[in-house]
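The structure under discussion is supplied below as structure tokens; questions concerning it will follow.
In order of appearance the chains are A, B, C and D, and numbering begins at 1 in each one.
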Amino acid sequence: MSDSALAPIDNETIGGLKTDQMFINMGPQHPSTHGVLRIALTIEGEIIKKAIPDIGYLHRGTEKLAEVRGYHHIVVMTDRWDYVSAMPNNLVYCLAVERLMGSKVPPRADALRVIMCELNRVASHLLFFGTYGIDTGAFTPFLYAFREREMVLDLFEMLCGARLTYNYIRLGGVMTDATPEWIARLKEFITYFKPRLDEYDTLLTYNPIFMARTKGVGRISAADAVNWGLSGPNLRGSGVNYDVRKHDPYCGYENYDFSVPLGAEGSCWDRYFCRVSEMRESLKIIEQALAKLPEGPVMATGVAKVPKPAAGEAYAHVEASRGELGIYLVSDGGISPFRMHVRAPSFMNLSMLEEKLIGMKVADVIAVLGSIDIVLGEVDR
Amino acid sequence: MTQDELFAKIQSQFPKIEKAAIQIKDYLTVRLASKDDLIPVAKWLKGIGFDYLDMVTATDYLGPVDMKGYIRQANFNPFLPEGATPEIESAPTAGFPYRPAIDHLWSFVSNADKARVMVKLETPRDGASVPSLAAVFKTANWQERENFDLLGINYEGHQNQTKILTPDFLQGHPLRKDYVHVKDRFDE
Amino acid sequence: MSDKHDEKKKKPEAAAPAPAPAPVPAPAPASAPAPVPVAAAAPAAGAPAAAAPKPAPKPAPVKVPLPDPVLNRKNGRLLEDRFATWPQRIFDSKWSRPGYQLGAAMLAGIFLGLALFGGLIGELAPWADKLYALIGSFVAAKGLPPLTTDAVWIAIKVLIVLHVILLNGLWSIWWERKISAHIQSRVGPTYAGSPKGWNFHGWAQTAIDGIKLLLKEDITPAAADQWVHALAPAIVIVPCVIAFAPVLFGREMAAASLDIGTLYIFAFAGITVIGVVMAGWASGNKYSLLGGLRAAAQIVSYELPRGFSVVPVLMFAGSLDLSVIADAQAGYWHGIVPRWFIFYPVVGQVGFLIFLIASIAETNRVPFDIPEAESELVGGFHTEYSGMKWSIFFLTEYGYVLLGSFLLATFFLGGGASPINLAPFTLVPSWLWMLGKAMLMMFTFLWVRWTLPRFRVDQLMDFCWKFLLPWSFANILVAGLYLAFWLK
Amino acid sequence: MIEYFANVYRNSKALVQGHWITLRYMFKPAVTIHYPDEKLVPFEKFRGALLFDENTCISCNLCVKACPSNCIALENATNEAGKKIAKVAWYSIDFGKCNFCRLCEEACPTKPRSVWHSLDYEVVFVKRDEMVRCWKKSFPFVGKYFDSKTKEFKDAEGQINIHDVAPRRN
């Protein structure tokens, strides 16, 4: 970040009244920048005149670190990008390596991957729901969302032993098989969770104050959304039907019957509503996957302890909770990738703030920032 | 649209474009002849529906990564002699064409056709410079800044080509294979 | 679940003989009880290990040699069934929990006890008269000037009102924490109190927090305007205390019975905003400045609907004096429905709602907490305050909540009148009814605060000027029609 | 006009419904536990702090290779003749680097495992030295740490309750 944000602020004269602009540092320590994001705001009264997002406070150089790690080791690192929904991170990396090695995954492992990714999407969107409530001033939905998210994390802990950094999806399959007890618990959770979603709608989604705060605010047109390279619910909130699960199916998503919720006008409320609706769709996918869960092993045989894929390049992408997460992998035939590039959805989604915030109110900054649902671990990698 | 149809379509418009020798698995990969082609190709692709610039990245092909680019912190271990370093090492692989070049990659997606085309371009490593797509695709803005920051690629015509991820005091471009970490005030 | 432990311990027993990678000696520290004694057991472990190379065909290790887990459990109870905490389990059996029934019984006991206590004491006004007479006779006996009686009496009243505000801080912060916790499926404070089982729902939490705040370092930022920064909390709390003078705590129970009581309260409550603006400006923080500006705009705007919503009440009662307003609501229609102003069709309810909303806005609470707005402005005008100065802002906030609650009870809920025209209820003294109604209103304040999201600045203004104000005007009009045709 | 009143009615209804939900939850029991008084036992597969058993370890180095963050180090023991034997002389895990990923446990070839995740989630360190947990002959499962000031191995103080829960081991 250059110091252009700190350039002198020019004073403006409006109607003979000399007004001053004010420079405000929102972040990196601010309650609702969702991590260590800093936005350098220039405001006039409550109106934003200039906004410069400043990132990199959490940059750990994943791509650089991957160049000296074994292929198995990198799965552990992927957990740390989007730590709120780490399952798709594991998945996309494994898909890329499997594509590079040309290996096949057993069908049961595929189904389990789908279940876990969708569960993680539910957990991630629950976190979004809660924090967006807090951003708009409602505390209680946050606690309700965490109450339910806790159950999803319990399910993760029961199956893979961790609550946040799972390392569950491995090259050639998944770590452990789902036990019948786990499946029973999952079904119990689904029956419990469905009515809760209706409660959320009553409590927050259709709350008049919440709708006034978010509907029509931060509107992004479909053309703009595509041009900015948004993905996930942010893109679909603008009405663009782009979902990697439908567009370029992986892990057998083509076999599941689900719809892609689309927003109408691309406002904060649409993005929010896409996420809440996606939770319902995810539950639908999980139910279908549970109904036809194939028997068999969960790990492909013959995955080398130290994989050395032949020299080549591969790209894999999945619909992670925050959008299209892609991995570009170059192998030189050695024990570690020659180059790994992460197409992080939050990074692209954040880049639109610079233009989008201009002319908004300070309160709307929080509404817009919350609605694009970034995770700084993924932005900075 | 299959890959062959797509390639035929591209080649009918830009005959100089050819298929890349190493295809990115499962996706059509084409190679530009020169960097002057980039903006016309991008604009044409945007016109025929490839309006979603998915990814802008690049790879440095100089050779295996230099271990001096990592801060190799010694384990504190009472059993080990002072300053024993971790064992990770990088080694060249026989037969891989290491060369002083940077391979750029742009990935365009068409939502209507459900198609994706990877456009590659190889430039020399020193003073790597390609035209900026930020004027055509806004999403290229930050991605090009990231590549400038991490790989030291100059994007011609980029309005705000500044560091984005690494701190201001960091010397060099970390993702270059010959990057060597220069000690700064934050190192122990 | 306890046998799960044993099962886990037994597993290696079965597995161990089969692989036996090396002649494993029987591990010695099997009896080591806890982490600290493990060190003591270490030499004992060394002995068989040294003897390891000898061919000692002992049976495979009997048990995974871990210290007894029970010994370290003194810290707490282990919940071994993880799914016991899953909400659906708990929701299924909400009344079966003994603690739940006990809590309900305790609440009922508290209410009954209060009612009995109130019934025994009766109205407080006669007691006050007796006390006044006592002071008067004391003064006369000592031969002091007769004005001393009034002076002492006023001092006592001022002290009482001050303590009402302070104790209200203790009580309402604790209550808010409990209410918010229970709304959010939590339990809130549970520990503070006494270690010996008297920590009833963490009753001492606020008191201890207050001590903590008193002991905290009082930080004045370098960029702050020292004097204004220090003066602001005082300017915030003094009007709050003054505004309590004519507040009615029961029949004929007010520190000062003023003919212009209503106007007096509104006038002084409006002064607080100056302190808030001072705090925002003097902190030398841009977030504080924004918060102060928002507070000024908001509080000044909401004064209007708040005032106008009471106008119908004043019209019906024909006085600004709070006791007259309360007395005007005595009696029952057809012997059943109390003649409270809230039960006047349409006018009463609309006025009540507008007054409630405006009161919430005056106290800067969600959904109108934009001057604080911790998700936008970090802390708003009190960002740069710490320790007791900070807590004075909160004391004021809760003071105004109490003020609003008592005003709502006086204006719309009939003051100290009983809601039911039946013997046991009408016997309960007026101050207890007043307190109960005020607490109900305070609960409404808390309930709203923990349910709704926050307005934006412009929406807040729109809501005030384009919604509340026209409705309060219409309300006055309808009240005038009532007076003209119905309540002649 | 009708629309205006309909709008007011709709919004008021939505607000009242929201309040009804919060009020209902107020009369339902809490879902939280009182943490220091009550503790949840993790599931059997939970990845807590690593424990090590020097009796079963055959010093094969597989865990060292499996570790993505290089936090494990070990050395073979030698017999009287100075030849390496399949026993471990010392073993150390740097919890400051540990990812809790279970790759070491999965790589361990012995039965029962020599290095394994306990169910302890209260991994607390009060000193930087404590993060490097060391094992030698006759050290307990939890290991000790090396105090760099007094130059001796000590029991970890920060590790509060590692034995509270019996660890999984198979």
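The rule is short, and it goes like this: a residue touches a chain if its C-beta (ideal position, glycine included) is under 8 Å from a C-beta of that chain, and two chains touch if they have at least 3 such contacts.
This structure is a prediction, so every number in the text was calculated from the model and none was measured.
**Q** Please state whether C-D or B-D has more C-beta contact pairs across its interface.
**A** Counting C-beta pairs in contact, C-D comes out ahead.
**Q** On a C-alpha centroid basis, what's the spacing between chain C and chain D, in Å?
**A** So the centroids are 38 Å from each other.
**Q** Distance between chain A and chain C based on Cα centroids, please, to the nearest Å.
**A** 37
**Q** Centroid from C-alpha atoms only, then distance chain A to chain D, rounded to Å. What do you get?
**A** 26
**Q** Specify, in ascending order, the residues of chain C that touch 2 or more different other chains.
**A** Correct list: 82, 87, 183-186, 450-452.
**Q** When you check chain A against every other chain, which residues touch at least two of them?
**A** Touching at least two other chains: 69, 140, 144, 147, 154, 158, 203-204, 207, 209.
**Q** Going by the contact rule already set, what residues in chain B reach two or more other chains?
**A** Only 88 qualify.
**Q** Which pairs of chains touch each other?
**A** Listed in label order, the chain pairs in contact are A-B, A-C, A-D, B-D, C-D.
**Q** Taking the complex as given, what residues does chain C use to touch chain D?
**A** Residues 5, 8-9, 11-12, 15-16, 18-19, 21-22, 24-25, 27, 29, 32, 34-36, 38-39, 41-43, 45-46, 49, 64, 66-67, 69, 71-73, 75-80, 82, 85, 87, 90-91, 94, 97, 100, 179, 181-187, 190, 447-448, 450-452 of chain C touch chain D in their complex.
**Q** Going by the contact rule at the top, pick out the chain B residues touching chain A in the complex.
**A** Spelled out, the residues of chain B in touch with chain A are 22-27, 29, 51-55, 57, 59-60, 64-65, 67, 69-70, 88-93, 95-96, 98, 105, 107, 109, 111, 114, 116, 118, 137-139, 141-143, 146, 150, 160, 162-168, 174-175, 179.
**Q** Where on chain D does chain B make contact in their complex?
**A** Residues 70-71, 73, 75, 90, 92, 94, 97, 128-129, 132, 134, 146, 148, 153 of chain D touch chain B in their complex.
**Q** For chain A, which residues are in contact with chain C within the complex?
**A** It comes out as residues 22-24, 30-32, 46, 133-140, 143-144, 147-148, 151, 154, 158, 185, 188-189, 191-192, 203-204, 207, 209-210, 212-213, 361-366.
**Q** If you look only at chain C, which of its residues touch chain A in the complex?
**A** Going by the criterion above, the answer is residues 82-83, 86-88, 180, 183-186, 286-287, 290, 366-367, 369-370, 373-378, 450-459.
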